[in-house]
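Two complexes follow with subunit A in common, the first pairing it with subunit B and the second with subunit C.
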Partner chain A sequence: MDHGEKGGGLRGWLERRYQLATLIEFLSHKQVPLGSHWMGWYYLGGITMFFFVVQVITGVLLLMYYQPGEATAYESIRFLTTKVPFGWLIRSIHSWSAHLMIVSLTLHMFSTMMLKAYRPPRELTWVSGYILFLLTLGFGFSGYLLPWNKLAYFATTVGTNIVASVPLLGDWLLQVLRGGPDVTVNTLYRFFAAHVVILPLAFVGLIGSHLLFIQRQGMALPLGAKVAPRGMKFFPSFALRDLLLWLACLMVLVSLAVFLPYGPGIPGMDWELGDKADPMAPAYPGIKPEWYFLWEYQLLKEFPPHLFGLEGPQVCLFLIAILFGIWAIIPWLDRRAARGQASPAFSDLGWAAILFLTYLTLAGWDIGAGGAGSDLASMPKVARVSAWWTLMAGMVVIVFRFWRYEHRYFVLTLAALLQVGLHGFFGVSYLMAGVFSIAAAAFAAATLRLLRSGTAGGGGP
Partner chain B sequence: MEDSKTSRRGFLDLLLSASALAWLVSVAYPIIRYLKPLPQSGATGPTRLTREESARLEQNKFVIVPVSGQRVIILQAEDQLHALSAKCTHEGCTVTYVPGQSGLWCPCHDGRFDLNGHVLSGPPPQPLLKYVAQRQPDGGIVISEART
Partner chain C sequence: MLTAKDENGKPIITPEQQTYFDGLNDNLKEMLNRAVEKETISRPEHLSILLGLQLRPQKMELVLQNNCILCHSDSANHSADTLFSVAPVAGAKPSHMNLKEIVEDVHFRHGVSCAGCHGGDPAADLGHAHVKEWPEKDREKNRAWVVQFCARCHSDPATMHDFNPALPTDQLAKFKDSPHGHRLLDQHDDRAPSCVSCHGVHGIRPAKDPQSKVYAQRVPETCGACHANPETMAGSKRADGSPLPTTQLAEFRTSVHGKALLQRGDLGAPACNDCHGNHGAVPPGVASVSRSCSLCHSANASLFDGSKHKIAFDQHGWAECSKCHGNHAIQKTHDQMLAAGPGALCTDCHRQFSKDNPNCEATAEYFHQTITRMDAAKNDLMAVSEKLAAKGLDTDPINNQLTELADTLKKTRTYVHSFSRNTFQQVALPGEEAARQANALVNKAREDYKYRQIWLAASIAAIGLLMGALYLKLRQLEK
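Take a look at the complex of A and B:
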């Protein structure tokens, strides 16, 4: 009897079994809030998802030829790129898509941060997104070793060695990660397992939670708004726009893969196969990690051999852990945003973080060395040129924020620029310049607070 | 009566939690032990350079060879043989010999060492470990760990 009420055809057949009407009802009411900020920020999560799907499809295709092993890994990738029809294209799309996924994910994370979309009740959406970001970096790092070439070998040696600095557990972690004391074929097996099974399972599980949180809570409203000023129906208006954008992304991706099959040729964004890994060969000049690890690479170089009675890399790892820790718990730190109030200090923190990463990335790229690489003589010049570009970018950012968003709080951005300026133009060590800048920022923040409380007090009876 | 029920419930909860913890440990322990690699097996003790390695030493003025599972760089400078760990003490990259500068260089983070392995500049926190390189009467070269 009930059958007739739910109609015929495939829709009716599905409806009788799964009661899809409730879901369709829910989706038809789903709205994307439109308001004070640019709508483009809402598409970045979907674009990241799109690149992840491309990664899965091309990754599965690559698996059909790739053979992990000391005598086969490099050879199978060479065979794939030189003999297999369109093998070069599949590998190129996989590589380009990996880089573009990290770009869109980074933009997504920073836009969420700047718009304060992490504020309650969306703390776990931020944390799950943050872990997804770390997993994506893990994908990049583990995939890097799989071609078993020289660059991969040394990048993995340096990257895995960092965990040796972890107190108490360092040696155990290093052994587990590498499958022995050094990077060998055992490391390749472990990274292969991580890249194709462990990380994808974790990623898919976590992305499920991330999407579930978004579905349950909806997209965040602009700061201070109780209801969205305007809204757009998710189905079909927003979904169709998403689809159109994914098509555009696919077109850009394929064009890049076809015209630049081995990357743009910039250090850290280059996937020429090169020579096979040889543990008994020395590292070669100009060796660089992927661009998204350049800031850590440069930070490791800026640390002296010893600091506070510890080895430089240990202190550096400790600092990186603190920075990553702060980033993870931002929703709980930003108490003003939690109350629905503007939190200019956290917007400024986001911009300061971008400038901090920009300087280290430019310096890690040896900008200004004129192709000389990282020799001792060129280091001051690299610091100066990188500082110059970072200062220019910083000034543009300050003017834009002042004019477009009416921001008036620039303490942390100026501190980041002060550090860069002191190091690049006056030759102060990077760490010393950092200490001085943090002290200056603390003094400026305290003075501003005093002035504000003085003004507020003066207005009272 | 109520108290005895509560304490019985509390006891059972404790027992259940302890069992769950024990179960977790029994699952985690074999996995942790499985992941930790076995100690390396292979040749230990002094290593003699092969003919090919000696030829590379003559040609390039340096060669990197495995000695007791470690990467060791042998170099010939000012008619003297030097043997040092090739593993940079900063982040473990393999160092190279720069004949023009009479020293060793790690291109990964620009660490520099002298021919005795002492740090000249850059971020490496420790000197390179020294090995003993001896030329044998038959012309062969034997590398062994330095006794300290």
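Take a look at the complex of A and C:
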């Protein structure tokens, strides 16, 4: 009899019903391919998921006290953090975990991009991951308003205002987003609904697809390899390592939540409750979004009020949409990687994107303004100091890539640095510097291509 | 006339004036037409001046009904001394002939118009018959006539009722009894002020109008025009025969009241007239100083009235509040005023006038120590509370106690004026209790923080142990 063969106890009881041995057997045969690159990159997806689980758990606990509403949202969070035992800890962990989730997710996305793990047949894994990234930003944006405090109110007013620049549909979109012409309690209700129902449902569904794709296709082999040079058993070796890392993350998370309950004190990464939102109060100067939206905020500032007969913010939104679009279809653009060949231009694109975001984020932080904020007088100094730091980082990146990864293609990285340099040190407007750098990069890429085809032709029979 | 051009071919009526004209209602356009037909407006330059005023319709109607203004605003008819110009040259006489000012004048706006003072008929083509009270000559030599002239209406309740029933009609009576009135009316001193000295001539506005010369924030400057001028004030004496100083305005500007009124724009702060009166302006005497101050500082005044100091001050003949706080240069009070030792307010006075009463000095010392102790506790606890809040601890209960402490502190500073140890002590007690409570709550919050750290250490140890076990298991499995 089957029942007798599978032993007693809980394990046997479960085995008789669910045939767990088959699953463990399957998992123990599953291999994680190891290659020329650091294995650490493989854990970032798991870490992101760990933070998401923390978000779900702490979010549910917050929900037990949070009451959306004009007269209750702020008060309930205040009550939770001051009177409810460990309420402060739950809110602090939720906030820290949100920021750390975005950090790990961004690293996960860039590592996938650099390792070309998006190449066929894993295009949909990339796309689903990319949508998960956008949803995470949506979580950040919607959750920010929920405490209904002054900072969140004005930041949301400024943030939602951006959609008004969308041609034709702008006003309608703004109404839909805010539930009316202004940020009111209706906005709070719909942000609440989005934060705790709509986005989680979409997120869980997409994570399911993302994991299913990985499960079906396995992890991507190192570029150019037909068979993994080495491998690691998924179970128990990789899974237990994952668990170890999650515990380490938990340790860090709890420590941060206890010692820095309102964040590290960096602008855009601060969640002290402060005063209650007052729609009648004047908006105070220097309102900035969270750190992960800072680059868009700064890019909007770099645009003139009018460009090509359109409003500056409209053109900027169009540009941002194009950049996001390009990022989404990278698996189809990178045809060399699809053929299993090295694609240095796309590695370089990844690094150029990082430097592009670095400069805008630093400038958005008013690095170098000496606390003067983003007034007109300090803008050239902010541009200079931010450019200096970006150039330094860029140089380190180039040297490191040249030495460690033997990269030889730096056209896009250099173009990004050229733009920053022209703007920061020579006072050329950010957009003009960008146009000049793109033209220089196109010229350099075309020249390199010509030289290569010339060399190939000369070397032929 | 609207399309006329000057010798350079430029239109005399500017586009803004044309737009203003186009926006006028039919009635005003008709009135303008009639004025042009009757040649009270005979030149495009004259029309340009009137349209350039950009007056509201009601005011424009008053101007167009008034032939005096129409005629006296045309430079072709009048020389500088009788011409209302739009922008008279700064310093040029007469400075009151400003057309923009007269249309803002409260009398003009209420329809009193030129004839109300000067006589004549503004609807007639020409008329210069002055009212009988208007002096034919020496009008500027002795201004005593001005007060009687204004009083024709302003002292007549029936007349004033038609314009502003709330306006008092006792100005002349008060003025007659004031030092200003005596000087002007009895001593015929030309330097003494009349109505126009403070209120202006053609641009008189209600006292609540911020542009009025007697608006609260402008009163110090208006009074100072004479009182801060040594030339004007030469020979003026106080009741005790000493010369009247001219430093009041400068002192007032540095005072707590002056800063509040002139720098912060706090209209609740007193100007000159709030202590001295206006039409009956007089220096507050010894007995009335505290009455003036108590209009605002009622709690302090009532405590003082019931104190031993009231009797002592009366015996010495000292003006009450100003003895310790000064008058025009009154500064923000500080706790050091109560301190013992040379230079301190209480000690200095008591060592001179109450040598045989050591209790007084001890009481001052007690006031000082209690207040400074509470103040120090409040400042220290606030700083600690901020630090605890930054660590994420609940500081609401601490802050509630600190609010109580701050309120009590404010109250004790007032209760110094009781000069009674017992009364003061009763008020100070809740503050001292609040400081004790806040201290206890701070200690509790610190304990809470310690517990958080202990719990964290325990959690980290537990997680660490789990991680160690996992690591060992992994090693064992991979062997």
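In this text, the second predicted complex is superposed on the first by the 438 of 461 C-alpha atoms of A that agree within 3 Å, B and C clash if a C-alpha of one lies under 4 Å from a C-alpha of the other, contacts with A are read in each partner's own complex, and residues count from 1 in each chain.
Just so it is clear, a contact is a pair of C-beta atoms (placed from the backbone, for glycine too) under 8 Å apart; a residue touches a chain by one contact, two chains touch by 3 or more.
Note that this is a predicted model, so its numbers are computed, not measured.
Touch criterion met: A:Val258 reaches subunit C, while subunit B stays clear of it. In the superposed model, A:Phe234 makes contact with neither subunit B nor subunit C. Contacts of A:Ala248 after superposition: subunit C is touched, whereas subunit B is not reached.
When the shared chain is aligned, no partner comes close enough to touch A:Trp365: not subunit B, not subunit C. Between subunit B and subunit C, more residues of subunit A are touched by B. Look at A:Phe141: by the touch rule set out above, it reaches neither subunit B nor subunit C. Using the contact criterion defined above for the overlaid structures, shared-chain residue A:Phe50 touches neither subunit B nor subunit C, since it reaches no partner.
In the superposition on chain A, contact of A:Thr82 is made with subunit C only, not with subunit B.
No residue of subunit A is contacted both by subunit B in one complex and by subunit C in the other. Contact residues of subunit A toward subunit B in the complex are 154, 157-158, 161-162, 164, 172, 175-176, 178-182, 186, 279-287, 297, 300-301, 303-306, 311-313, 373-376, 379. In the complex of the two chains, the subunit C residues touching subunit A come out as 390-392, 394, 396, 452-453, 456, 459-460, 463-464, 466-467, 470-471, 473-474, 477-478. By the touch criterion given at the top, residues 35-37, 40, 64-66, 69, 71, 73, 86, 90-97, 106-110, 112, 119, 121-126 of subunit B touch subunit A in their complex.
For subunit A in complex with subunit C, the touching residues are 81-83, 88, 92, 236-237, 240-241, 243-244, 247-248, 250-251, 254-255, 258, 261-262.
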